[in-house]
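One structure, pasted below without further comment.
We just call them A, B, C and D in the order they show up, numbering each chain from 1.
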Amino acid sequence: MKKTVGIIGANGYTGSELIRLLAFHPHVTLSFLYSRSNSGTRISDLYPDLTTVCEMVLTDKSEDVDILFLCLPHKESQNWLTQNPVKDETLVIDLGNDFRLEGNFGNRNFIYGLPEINKKQLVGAKSIANPGCFATAIQLALLPLAEKGVLNEVFTTGITGSTGAGQSLQATTHFTWRNDNVSAYKTLTHQHVDEILQQLIVFNNKEVNLNFVPWRGDFARGIFTSSTMKTELELEEIEHLYQDFYAEEPFVTVSRKAVDLKQVVNTNRCVIQIEKSGNVVVIHSAIDNLLKGASGQAVQNMNLAMNWEENAGLNLKPIAF
Amino acid sequence: MKKTVGIIGANGYTGSELIRLLAFHPHVTLSFLYSRSNSGTRISDLYPDLTTVCEMVLTDKSEDVDILFLCLPHKESQNWLTQNPVKDETLVIDLGNDFRLEGNFGNRNFIYGLPEINKKQLVGAKSIANPGCFATAIQLALLPLAEKGVLNEVFTTGITGSTGAGQSLQATTHFTWRNDNVSAYKTLTHQHVDEILQQLIVFNNKEVNLNFVPWRGDFARGIFTSSTMKTELELEEIEHLYQDFYAEEPFVTVSRKAVDLKQVVNTNRCVIQIEKSGNVVVIHSAIDNLLKGASGQAVQNMNLAMNWEENAGLNLKPIAF
Amino acid sequence: MKKTVGIIGANGYTGSELIRLLAFHPHVTLSFLYSRSNSGTRISDLYPDLTTVCEMVLTDKSEDVDILFLCLPHKESQNWLTQNPVKDETLVIDLGNDFRLEGNFGNRNFIYGLPEINKKQLVGAKSIANPGCFATAIQLALLPLAEKGVLNEVFTTGITGSTGAGQSLQATTHFTWRNDNVSAYKTLTHQHVDEILQQLIVFNNKEVNLNFVPWRGDFARGIFTSSTMKTELELEEIEHLYQDFYAEEPFVTVSRKAVDLKQVVNTNRCVIQIEKSGNVVVIHSAIDNLLKGASGQAVQNMNLAMNWEENAGLNLKPIAF
Amino acid sequence: MKKTVGIIGANGYTGSELIRLLAFHPHVTLSFLYSRSNSGTRISDLYPDLTTVCEMVLTDKSEDVDILFLCLPHKESQNWLTQNPVKDETLVIDLGNDFRLEGNFGNRNFIYGLPEINKKQLVGAKSIANPGCFATAIQLALLPLAEKGVLNEVFTTGITGSTGAGQSLQATTHFTWRNDNVSAYKTLTHQHVDEILQQLIVFNNKEVNLNFVPWRGDFARGIFTSSTMKTELELEEIEHLYQDFYAEEPFVTVSRKAVDLKQVVNTNRCVIQIEKSGNVVVIHSAIDNLLKGASGQAVQNMNLAMNWEENAGLNLKPIAF
């Protein structure tokens, strides 16, 4: 029998992307889509691509479900859980950043939901903190070096699509401004740095510095990052580290060929490429920020928590072009 | 047991898009991918998005299969079938234009594969001529008026993404030229006009003129068309015609809301909207040119021919953004 | 000695584009930039591309100037002139639509500022109503046929860049939505149709119908239109009409080669191409909506009114790529 | 009297961009446009935006001129000069990379044409090696720190528009591939690194390492770079260094506000912004790769060499949107 799912904040980008994924998921059925601001509106009126895919009406009432996704602005997940008690047996997956750095909240202990590091703990988990989009791309780019304990001073530039900024109308998401444009933001101060370092340090066992320069790109979906670091390891050795680390991971590919962003758009995959010159290594990684960087990873986490095949509902046709 | 599939011309855009669809199709298995020019190359080396999705190597040998897709340049399907005899029981679906206007070829009689007009004939068919991309978008926009017999002089403008021009490098697909650009081509002389009229006239029972101005757009996927015509029918009456005509069609939606191209990108759907002012009606239609306009419709036709559920393998997550 | 210029509504797209043009114009000097909403702000803080080009501060006080440009939302030009009396000898050029259909306002009689039809009246004029962007592109496409008196039923599709929608944040100018997208709006009801017909009928001397379907394009600058009509005239005859009509016009080119939008972006030019098949003619036209479609044409009108060379300040480097 | 100009390789992107600039330059007249491959073709047939701007026909004959621009593929400038002796009094400006690292060639000694470091030497010069596009953006971002002697280990990521790849048709400039895409190329091995370091070391007086990761962006014009480095200098101190260094430079702006690429597109300007957190400084710089990164800078160099005002012909209207 299919498990029931509710989405809190279903009217946003990550919420709607979850609907796109779950509408065709083999093991779940959508029970309710919660949105305070758009209650009473048909979701396909907000997102016409969902016509015939999902014709549910947004509601401001939540129900008991087997699985609950929180797609709320940062800090609102805690408020919501406080005001809307959820049964202990309900799987809660939070796509915000409320429980990423500190997972204890009431009876719940949120597991950091990057399957490539916490797979065992995620199986059967009841509370999962889904990682941030840049945090996913950058951790996957650096984890094997961290496990080897050789991470030191990393210089990362990352570029993100406009969906990363959400659906609100902003000067920096105005088409006239953003089209054909590139710009930096939150230079060296992006909120994902702490999230990344907290995980990497556990592996690396010594201090890591991450100097991260995020850029806004003139595309809607995707994140591409290049991380540069000094190392005495040989390229071949590094590639082996990565191949080994991700050998069992269905959604991470280590490529010896040039990586480009559209290889992963509309998929849950992360593609990584490693290049080296002298004693400097550069690791490129690419993800779809709404999928492996948000809603796709949330489904992957749900699959693990529910003991389903890890890729259930995630065999997505790449956009490719 | 799964049916075996071969793709001739698997290295092109429509061929590779078929692979993306069939790799996850529940009832088929890919037996071989034929390409004369890229024989010996791994398909995922040509299309890295296919990494982990399909790791087959292109071959210049064909085999007996249950289902054969021809994804060849125009006029080469006839040559190929002549030089490579195919068993009568093999389902052949041609994505080129060789059999659209004249379906008889040797023992085979190609059915025009627009399911919305030929569904009965397609069930159990062994030879299917898959429609052109603009031909699909424009026919779906006009068919209900043709069935009513009121089509007369139609003025259509359509805009297509760059994938419609294929993978060859051309001045008009150079990024530097095409980015932020719009241009007309084959004004009033597009090869799909004959294909469209041949079908419409059967329904309309009297002459139809189609004045078609195709434009190149600065996006990769999708076709958007607006067709203008004089009519005495009321808007409501026209909308009823369309709702009735497409009532049972899983992939055609008649919308009362504004249509935009991205509602259908990465799906097999066609969305139609009708507007009227005075005695002039305008019908907008939008499809993904590689899916409902090519490979997706080919899979839909295969499903019908094989008596499978019409949407098998076609529950695709929209790109949406 | 340079003439003094004031811009009312300098903070909008057309206002800022005027600044870009006038900052380098040989015969004028900017006296003040008026903006109620942004008074006190440096214009280069709103439009950083103006850094070093124009460092003036927006003001909510107007002054006496030789030339006044009104770049206000529709209907606000009348209000502004009522509340802020302007000396009779001041040249007033309105970029809104307040005086296009009806030019009499108090002592002033606004000349419709399409130089290709009203050049004589514009020389020495004191009040000019600058045409709309689509109105410019479509009139220039149809005028020679109107002058010949053969215009009848015209079917036009036009596509516009996002700057046409102004700088306000709207759902349809959100990058995430508009990128890679096409959509129709104001089908058959665009406000420029009346403006176009009012002018064309004077030439054509008999009724003209214009069925106009505007589209939104996924680029920032430019308008491309295709107008389709039945005619018994031969292509060569039509081309001669156009060549003759525009022989003396510095900013209109009749091309025998394919027209694309980027041929005119960042210029004040309009390029027209004519194609014919059977008894159907299609006229393509392309302009930059902010230049020949707005601020560039306003400068052209100023030059004419002031008896300066028509292209003063308008020798603009095309963006080309 | 105007000086005569010839362009060798006028059919390429930098050649055609020179034409766009020189057609309106107050002190020069174009004498001939040389192209071996397109001899006999009207330049406006290759670049229709040049219609009415320049209607010259490409030739394979060169003439004596006052000023000669070489816009040839790398290494072909030397060949050309060897095979086509040029009078000593002719100003030769090479836009290729033949004379950037080693300026001595026959009687000529090419000055490295970055006006912000070599302005005195450029005045009256007869041979100028125009810098590379990335080399311009990165040097302007780092020069003030080099002059202070504090440059050490720099990590730079830069993204370039497709015009940087020239007009040849390549897989990486196919619209279908490049649209919405990002990718890395020549990681740590870009040919401009040597050019950059050769200049910076002169200022810095000690070794500088530059770890440069170039990316391809999905836009046609522009370069945006972010350079990260450790330093004990305070942000304010650094900003003063930059303000001082560029105080007299008409085309370099040090901005305290966020920089985005479109602030400089279609201008000869470079905008720089400095950010700092802890002991890490990030310098962003943006240029138009075809203008300040190529043809615009070549005109600037010509102006200096000829003792004309530095910005003659370079008061370009920004594209802005």
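Please note the rule applied: a contact is a pair of C-beta atoms (placed from the backbone, for glycine too) under 8 Å apart; a residue touches a chain by one contact, two chains touch by 3 or more.
Worth saying up front: this structure is predicted, and the values here are computed from it rather than measured.
A count of contacting C-beta pairs for A-B and for B-D identifies A-B as the more extensively joined pair.
Centre-to-centre spacing of chain A and chain D amounts to 39 Å, using the average Cα coordinate of each chain.
Computed centre separation for the pair chain A/chain B is 34 angstrom, with centres defined by C-alpha atoms. If each chain is reduced to the centroid of its CA atoms, chain B and chain D end up 46 Å from each other.
Looking at chain A, residues 13, 161-163, 176-177, 179-180, 218-221, 259-260, 262, 265, 321 sit in touch with two or more other chains. Taken as a graph of touching chains, this assembly is fully connected, with contact between every pair of chains. Remark: chain B residues 155, 157, 159, 176-177, 180-185, 187-189, 211, 213, 215, 217-222, 224, 226, 228, 258-262, 265, 273, 275-278, 280, 282, 284, 286, 321 touch chain C in the complex.
Note for the complex: chain B touches chain D at residues 13, 161-163, 167, 169-171, 173-180, 218-220.
Remark: chain C residues 13, 16-17, 20-21, 23-24, 45, 47-53, 161-163, 179-180, 220-221, 250, 253, 255, 257, 259-260, 262-267, 269, 271, 290, 315-321 touch chain D in the complex.
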